[in-house]
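Here's the structure, in structure tokens; my notes come after.
For clarity, chains are labelled A, B, C and D in written order, and residue numbers in each chain start from 1.
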Amino acid sequence: MNISKTALVLVDCENDFLSPDGKLYGLVKPEAGKEDLLSNINSVIDAAHSKGMDVVFTSMVFDPGYPGLEEGSFGIFDAVKNAGALVSGTWGSEIVDSIHIAESDKVFEKRTMCTFQTTDLEPYLRSKGITTLVFGGLVTNLCLETSIRSAYDRGFETYALTDCMAALDPAVHDMTVSQNFPMFSKPVDHNNFLEMVS
Amino acid sequence: MNISKTALVLVDCENDFLSPDGKLYGLVKPEAGKEDLLSNINSVIDAAHSKGMDVVFTSMVFDPGYPGLEEGSFGIFDAVKNAGALVSGTWGSEIVDSIHIAESDKVFEKRTMCTFQTTDLEPYLRSKGITTLVFGGLVTNLCLETSIRSAYDRGFETYALTDCMAALDPAVHDMTVSQNFPMFSKPVDHNNFLEMVS
Amino acid sequence: MNISKTALVLVDCENDFLSPDGKLYGLVKPEAGKEDLLSNINSVIDAAHSKGMDVVFTSMVFDPGYPGLEEGSFGIFDAVKNAGALVSGTWGSEIVDSIHIAESDKVFEKRTMCTFQTTDLEPYLRSKGITTLVFGGLVTNLCLETSIRSAYDRGFETYALTDCMAALDPAVHDMTVSQNFPMFSKPVDHNNFLEMVS
Amino acid sequence: MNISKTALVLVDCENDFLSPDGKLYGLVKPEAGKEDLLSNINSVIDAAHSKGMDVVFTSMVFDPGYPGLEEGSFGIFDAVKNAGALVSGTWGSEIVDSIHIAESDKVFEKRTMCTFQTTDLEPYLRSKGITTLVFGGLVTNLCLETSIRSAYDRGFETYALTDCMAALDPAVHDMTVSQNFPMFSKPVDHNNFLEMVS
């Protein structure tokens, strides 16, 4: 792994998903509540920081009133709207306190499941010569998976950190990791990552 | 369903996937070999044609030599390359003979899992005022799923025709349809579709 | 003009461009200082509001430190960086006070000349059934022109409000309006617009 | 110039623009008929080939019947449609015979002014580690300019080959090259390029 060409990308690590008081915590609780999840995520963040690797966060954030979703919405966006979650400027859309985000890490706000479609993440990464992306975060089979699929289609080398993510339930996690991720990423766990960057 | 604002989108209905002599048929055989698959697909195509609904095909096609995938490729693109499949100008990349494609149906060639990223499908649909997309085709949890995810992120109303598609195996099909598709589409079967357009 | 399918899009109406104390005002002064510019812009905003037409603002905004532009930057982004302009959270990146922005108008932040590439403007517009865009703002031959070119390529019907914009100098304005805009938009002035919506 | 990270991109070098019998030749004749245009273009192609630099062609091509442009079209697409030009499978959409295209050069078909929006050019370039693009071709202030603007927004280092292109007329060429190109590219001529790669 060429560290200068690699970035760690952490998707939707927001209070509304990951904090027990978050508005969507119920949706991912069986997985997000796993004891090691935050420590695994922090271990890869710490390693990346210590090596000078780029660390970026991408967060789904909606304007108050959920413009564009007023009527006819369905699926995950509708669930977010109905929960009143992930609103710009609220605690729920902030990165979880206990996550080791550094001041120099960038946060990209997105309005889509995909991490690239409504952000300048790709030109930012390209301007730095980054061609490999290592993904963790939430939700395994939703924003995270869409983002990895899109990174693959955009020609990035992609890794999926299988123990640094949370799905809607463990069975979905297992199938996503075993059946889907190998089709468009290289699945590794946080220990593999620590070895790769050391 | 407003027929004039709806298009039927059929992904990767190519010989290399769906014909017993196709180079990737082995990959999807348990699902692609299901007796009713082609007749279900044809029933929705016939209904769309009879109602004057737009029908478009999107096909993954690679130039000879798989430019851009010469080295370092992995995942599904690598599997396609290693099989020598889906090459431009070959039988394998043609729409299956028994599928009721009409001369007026458009075929969009793509080089990605996503049906939109490397095609002019979106401006084409937008120019016709189409805002609802009904998806079928291959592979349930690969190009088809990436395409539906991207259509959802682009603000289309999306339907997934659950018995007009084939996954890598039946368990993956079931989980994709039950756990993932409702998050970014409205799953229906071909009979539901026939009722909706009648 | 079908008002329910039309949005007014105002590009880069930020203090750093349009206010005499703005950091880039010198760049566009001969044009931005034109007596009628702000009143023309406000007349189309007022008309749009009175008819219930969607009004959106798109603003180029950079994070502090201009991430991605640290080295090797050139062109307009480099000029913005060197001027220390358009920084997130500063007065310079706010919409000019005297512009009649309403609370319900949306502001989309972009990091590119193009108004679509790094924003969710397109899915937002599509979700509302909007297919016609009427453009005004800054800079005629830079962000504004790139945005109109991209809207045209995306299949929107596009109008350019020729007396609601400012170029780097009058000769560039004239050539852009006469030679380029008719190739990818329908040039009109604010009076034409007022007639079209009345 | 790091040759292994650079590609030469030649836009719309098709018979319908550049050959005296082409259907759009009249549109660009004063510029496209310049004695040195084709020899300048060939000199940079030859140099790129001799250095092993990637050379790609991007060509605007429409399906027969101009789907998506049936009604309501305007601007340059409408002009192309009315001329019956740039149709897939016809001589008019082929690269001009006298241009030194090599068999290994790739041709990307696009349906937009932009060279990236409906093609897989960006993932192709990214997979090769290419971060600098040198642009020539047609039409200076239309597809070529849109493509350079978009490359800049995507984070590429961009060069414009000012004597390897043709505008609608010489005055437009001059203003585009002097006023617009420096904002989002580094303008050079074919001799500068030959020095840079030698």
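Here, contacts are C-beta pairs under 8 Å (C-beta built on N, C-alpha and C of every residue); 3 or more make two chains touch, one makes a residue touch a chain.
This structure is a prediction, so every number in the text was calculated from the model and none was measured.
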Ask   = In terms of CA centroid distance, which chain is the most far removed from chain D?
value = A
Inquiry  = For the two copies chain C and chain A, is the contact made of the same residues on each side, with over half of the numbers shared, or of different residues?
reply    = same
Remark   = Here the gap between chain A and chain C, centre to centre from mean Cα coordinates and rounded to Å, is 32
Message = Need the CA-centroid distance for the pair chain A / chain B, whole Å please.
response = 27
Task = For chain A and chain D, let me know how many angstrom lie between their CA-based centres, rounded off.
result = 38
Inquiry  = Two-or-more-chain contact residues of chain D, please, as numbers and ranges.
reply    = 68, 72, 112, 117, 123-124, 127, 153-155
Task = Please give the residue numbers of chain C that touch chain D in the complex, ascending.
result = 68, 72, 74-77, 112-114, 117, 141-142, 145-146, 149-150, 152-155, 157, 168, 171-172, 175, 179-180, 182-186
Task = Within their complex, state which residues of chain C touch chain B.
result = 122-124, 126-127, 129, 131, 153-156
Key: Footprint of chain B on chain D - complex, ascending   = 63, 67-69, 72, 106, 110-112, 117-120, 123-124, 127-128
